[in-house]
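Two complexes come next, and they have one chain in common, subunit A, joined by subunit B in the first and subunit C in the second.
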Partner chain A sequence: MSSRETPHPRRGILRRRSSLRTREARTGYLFVLPQVVGLVAFIGVPLVASLGYSFTHWDLIAPAPEFVGFDNWAAMLQDPRVPAVLLNTGKFILLGTTSFLLFSLIAALITYTPRRFVGVYRAIIFLPYVLSQIAVGVVWRWMFNTESGPLTVVLEAVGIRSPDWLLDPATAMTSIAIMTTWQGIGYGLTLFVAGLSGVPEPLIEAARIDGANVVQRFFHIILPLISPTVFFLTVTSLIGALQLFDPVVAMTSSSAGVAGAGGPDNSTRTIVLYMYNQLFNLSEAKSGLGYAAALAWMLAFLTFLITAIQFAVGRRTIYYEAGQQSRGRSRRRARTENTHD
Partner chain B sequence: MKHSLRMASAAAAAVAAALALSGCGGGGAESSSDTLRVAVWGVNSDIDSIKAAAKGFQEDNPDITLKFETGDCGPDYAACKTLIAGKNMPDVVVTGSWNYFDFVRDGILADLGPALEEGGYSTADFTPTVIDALSTDDGELHGVPMGFNAQSLFYNKDMFAAAGLEEPPADGSYTYDDLREWSALLTLDSAGNNAKSPSFNPDDIVQYGYYNRMAIVPPGEPGYGPVLAAFGGQTFSGDARNQCDIDSDASIEAFQYLQDLMWKDHSAITPQLEQEQPGYLRWVEGKVAMQQGSHEQVQIVAEQNPDLNYNMAALPAGAAGNATLLQIHVWGAYAGSRNLDAATKFAVYMATEGSGKQMGLIPAFQDRALGEDFAQAPGEPSNLVAAQIDPAAWPLTFVNVDPSNVWAAASGQDGFGPALESIATNKSSAADALAGICSTVDDVLAAQG
Partner chain C sequence: MTDVSLRRRTVKPTRAAATLTYHGILIVLTALYIFPVVWAVSMSLRTNENMFHADQLIPHPITFEHYENLFGILPDFGRYVLNTLVIAVLGTVGTLASSSLAGYAMARFRFAGRNVLLLLLLLTLMVPAQATLIPQYVWFRDLGWLNTPLPIIIPLLFGSAFASFFFRQYFLTLPRELEAAASIDGAGPWRTFVQVIVPNAGPAYLALGLLTFVQLWNSFFVNSVYLTSQDSWVLTQALQSLVGRYNSQYGEIMAGVTLVSLPVIVAYLIFQRWIVRGIAMSGLAN
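Let's look at the complex of A and B:
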């Protein structure tokens, strides 16, 4: 009698286990299928398609895109408006991201200390974050009016002549950064408060006993311990800043709509706004979906590059507590320990 | 194996469904043979007015179901382009004169000439300036007018009476110098001094004389366009309107006039004031004596301040004569429609038999503008015909028919937009702001092909 006719009992158990594992795996795959399908359909396909479109010229009217090779990419490199809109975007990153991080941290430090109604304060500060950027932009457009806008009133009350805010190329981008900072503080505050709650109280107490003052405690203990939060917010806010669009449209367009936005004197025209203009408002020889797709991919490469630099710098400057460290750090530590052994 | 196949099939079906959802399936909603999809836009009352006007067509054609779809396709050509790319374009669309030739250039709209003829109508049945503006060089007509807007002067009768001024002549037999004079006399500070008084305090103005949409940043053509034309200026020239002409002496004079009203006389709403509260609302609330605007102001007054004692007059004459700007709403049939016959029939009906009382516009069909549909409708100002309808026949009257992409490029941040912003905000004089601007704008126009 062969083993095929009388299966070994252990082999049967193994086969049943294997069958169970397969069934479990299938069930697992079924559970993740909707997510995978969603990712493929709404992220993967458009991503690949947009890369393909960047090598074509299509005004959306012609039956099909026309393959033009690297024409769009070459035109982009020669387009004098691209450096200008990148510079505007860079200005916003400097102003908007810096002020967002700074004021979020200050708000978190103020509201972190337990006191009465602290939850209410935090909720009030968080509230703007859930509002539409367009709606907030329209409101802030009024806030920046130099006749009776609250900012003007406050400045003039202390004897400072109010600038023309959105009507002056020198202050228009700053005005937009003020608005986005105001709206984003609640989000930054929430993450910073979470980060601050992870700072061990005994450590601060020990530093206090050792004679460290408030500033020393902040820079030498609190800031290093919340550096992962700072890093996360820096990366995400910078990516968001590179995609600035809605606030510019809400605060600088007129009856001409998005086509007229980006002023005064081009001072607030960002890369994403320019991309939109190229796709929908203009129809220059190299314009249309293809050129806009090339611009989008240039922005994606730029975002990737900046984020990679941030991660490279972050590896050296971010403090991770045990158990939170990255795999790279673990491997490096392991290598160091092995060398020492 | 069977089970795996079933799993694979389920996964494939799910992916296919998702792809279809994401628009990769290559097909959107299509009209069935008895359904006509009509793209409409505007405020609720605009859309209701179109639906009401379409009832007659529905009664005459019970086999056709009208499906009205609200969206941006029509006023915004880009919105239509995305629908076309997604094979989801409605059968009938309402374009504006500002983008009508975008549609025509790209072959989106069918020629309605034959359908018009078949219905027993001709182009002679429409207001000449309006129908001429929509005709192509080869005599085709890819759209028929729903109606049009004209820029006029709206004024507060009580303020004129209080200042002891005669009301502006309804037919436009006055000049921009007169308007400037009235604007100064109607601008008052809190002590009651007008802008011509030596005691006038420009930092304490409680009533302004004039509002022009030049105060919107970036400035809009409906505001400065008629002034420019009356002074003998224009934005573009040439048969193909592809040559920049905004830096001519006449154009500079017109822009300087508008800047002086705001910043020298302190008698007109500035961009700073516009940011605080739009000038047209200030006029509706009785804080500004005059404004240049279109007929929609009548509806806004009726809704927001029905007690306002106002009237309107045709726009004044400049050095070149009287001029105004017409903006047309146009019925068009999508050339790629499966129901093209019904679509063209519907478009023609809405511009002819069904015309009038659509979107508050002046009907361009026969003499309907003079009847109950417009001039004799209740609540209309007494000067309506002289101020809104007659100016359509002025030689200098023009329609904003430059394709929207050309206009967006030339008037936007790449073109003369920053120069106009600079004039409106008093950062530089009109001559300085426009010096050399045409070399930039001509490059932009050339890039548009």
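Let's look at the complex of A and C:
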């Protein structure tokens, strides 16, 4: 670049460089145009409009929404269903997300060593992740069947009284969490294996020579080094867990379809399921588009709050410096910045 | 490794035993793990009399009557396949095109607002789809697009935040010499992108294309909002419709599960490496 520019007089370089730069910027804007339009039209504007709708009442039949001020928000605070769906979703997060992270990590620790066939084991464990949550939910609905489902049959064969799984309000959400954990482990495993492959082998070897046992090596060397992966998976799986919908529909819906999902006794009704039923006026006392919009905004706010808390905590606990990924990334960034001019 | 084990001959048998135990345990664990999938396929091929028999893992006799019945219950099954394919194919193509352009620009071009755009894209990963759904539902209803695939496809033609970020991370790893060589040949940015960058980014397109396709093929929530009339349904909706109404007809339900899952399983078996690599790359992206 510089060799081409040196023969020119100084002024010429500047003018030429700036025109090159505007041209580069113009091309840049053209390239990002579709994505920017998408961002504005399908996320930015709807997000604001959604907030607007939360101050209206509309049954989608009247020609236009009617402004009702804070009615929906006030109703939300008094609606006994709201704390119930929050609690159900919270229960799922507590059970489903924790077990997903834990079992994914265990599966990764078992299969990341370069032995023969570990690739085959990992491929089998990953398979459920590519299947539809509806299909998998339908299969697990059968697994949890209390009359002839495999889980019940096996438990009773070894003399354990099987719980009533999806039929008992106390265990229904746990059953759903078991299903989503089973489906998700392959995904978590893949990311943990990628993270573990960045842990330098000599470091673990050195610790072993210094007399650190397996547990010490895990908590003092491996875990800090893969903490960026733990953080990424925690943040993304919590965002997903807050939006739980498909598995609940597949596992608990009745002949009434989605309107009949969320049982038994509303124990698996989640925020999104409640919002969906409000939007389509499905057998709910308070309903309508405005109330659904208020619920959707509550979900967005909750997601933002939980993610912000995680970033605040993560900043203090994640170990980025020695991780090979982040080192590689900063080196790469330095290189791209150098080559810009 | 071999040197060490040859020198310490006494260790060898215990190590072999350990390896054997390891593989023994893992074979049992993975077999148990995949059991629900195998059992579901197996149930779809059993006669009704044998449906609940434990020794029917490999069904004998094998019957396809449940598949025939399924097409009787859902006579428009072919239509649902077509509806699903239209959404999955067009949605994938649109996402790849728009997001790779945006990702390339964010990786290579300097323009004011680039970092702001990147930050906004990352922030939108946090916005639940439900929070942007309601106004879009009203718009698409007013356009008369309900019960057509348009409300699902059109937004995807403008890319997705995740995909754009994914492509940016990938393009950052490509050497700049690619563009240098093209610019010596006098190629402009468009020609460089189409003729030099895209052919060199095959793995990224393949990995993200597969992920997007599978995700669209499997999706239910958004479809169930926009596609309520039965002839606009996608496969997941058709499958879901069986659950409440034909609860006791396990053969038919499992036949539905098998048919909906089969294309994805086949794609996974063929492209396993690429799908897994795509997932791993998406994790590193953050």
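The rule we apply is simple: the second predicted complex is superposed on the first by the 301 of 341 C-alpha atoms of A that agree within 3 Å, B and C clash if a C-alpha of one lies under 4 Å from a C-alpha of the other, contacts with A are read in each partner's own complex, and residues count from 1 in each chain.
Heads up, the rule we're going with is that contacts are C-beta pairs under 8 Å (C-beta built on N, C-alpha and C of every residue); 3 or more make two chains touch, one makes a residue touch a chain.
In this text, all values refer to a predicted model and were calculated from it rather than measured experimentally.
Undergrad: Consider subunit A as the common anchor and indicate whether subunit B and subunit C clash or fit when overlaid.
TA: clash
Undergrad: Can A:Asp59 be said to touch subunit B (first), subunit C (second), both, or neither?
TA: First partner only.
Undergrad: Is A:Val45 touching the first partner subunit B, the second partner subunit C, both, or neither of them?
TA: In the superposed model, A:Val45 contacts both subunit B and subunit C.
Undergrad: Can you tell me whether subunit B or subunit C touches more residues on subunit A?
TA: C
Undergrad: Which partner chains sit in contact with A:Gln133 here, subunit B, subunit C, both or neither? Use first/second/both/neither.
TA: A:Gln133 contacts subunit C only, not subunit B.
Undergrad: Let me test your reading of the model: by the given contact rule, A:Asn266 touches which partner, first (subunit B), second (subunit C), both or neither?
TA: first
Undergrad: Report for A:Val37: first if it touches subunit B alone, second if subunit C alone, otherwise both or neither.
TA: After superposing on A, A:Val37 lies in contact with both subunit B and subunit C.
Undergrad: Counting only touches as set out at the top, which of subunit B and subunit C does A:Thr229 meet: first, second, both, neither?
TA: It touches subunit C, and subunit B stays clear.
Undergrad: After lining up the shared chain so the two structures overlap, which partner does A:Ser254 touch, if you call subunit B first and subunit C second: first, second, both or neither?
TA: After superposing on A, A:Ser254 lies in contact with both subunit B and subunit C.
Undergrad: So, does A:Asn281 touch the first partner subunit B, the second partner subunit C, both, or neither?
TA: Only subunit B is touched by A:Asn281; subunit C is not.
Undergrad: Figure out whether A:Arg81 sits in contact with subunit B (first) or subunit C (second), or with both, or with neither.
TA: first
Undergrad: Per the definitions at the top, what is the overlap between the subunit A residues touching subunit B and those touching subunit C?
TA: 26, 29, 34, 37-38, 41-42, 45-46, 49, 60, 141-142, 148, 254-257, 260, 279
Undergrad: For subunit C, which residues count as touching subunit A in their complex?
TA: Interface residues on subunit C, with respect to subunit A: 19, 22-23, 26, 29-30, 33-37, 39-40, 43, 52, 54, 97-99, 101-102, 104-107, 109-112, 114, 117, 120-121, 124-138, 141, 155, 157-161, 164, 172-173, 176, 189-190, 193, 214, 217-221, 224-225, 235-236, 239-245, 250, 253-254, 256-257, 260-261, 264-265, 267-268, 272, 275-276, 279-280, 283-284, 286.
Undergrad: Tell me, which parts of subunit B touch subunit A in their complex?
TA: That would be residues 7, 11, 14-15, 17-19, 21-22, 24, 76, 78, 81-82, 84-85, 106-108, 213, 216-220, 222, 271-273, 275-276, 404-405, 408-409, 411-414, 417-418, 421-422, 425, 447-449 of subunit B.
Undergrad: Where on subunit A is subunit C touching in the complex?
TA: 21, 24-29, 31-32, 34-39, 41-43, 45-47, 49-50, 52-53, 60, 110-111, 115, 117, 120-128, 130-136, 138-143, 148, 150, 153, 182, 187, 190-191, 193-195, 228-229, 232-233, 239, 242-243, 245-246, 249-250, 253-258, 260, 272, 275-276, 279, 289, 292-293, 296-297, 299-300, 303-304, 307, 325, 332, 336, 339-340
Undergrad: Show me the residue ranges of subunit A that touch subunit B in the complex, using the header's touch definition.
TA: Interface residues on subunit A, with respect to subunit B: 26, 29-30, 33-34, 37-38, 40-42, 45-46, 49, 59-61, 81, 141-142, 144-149, 164, 166-168, 254-257, 259-260, 262-266, 269, 277, 279-285.
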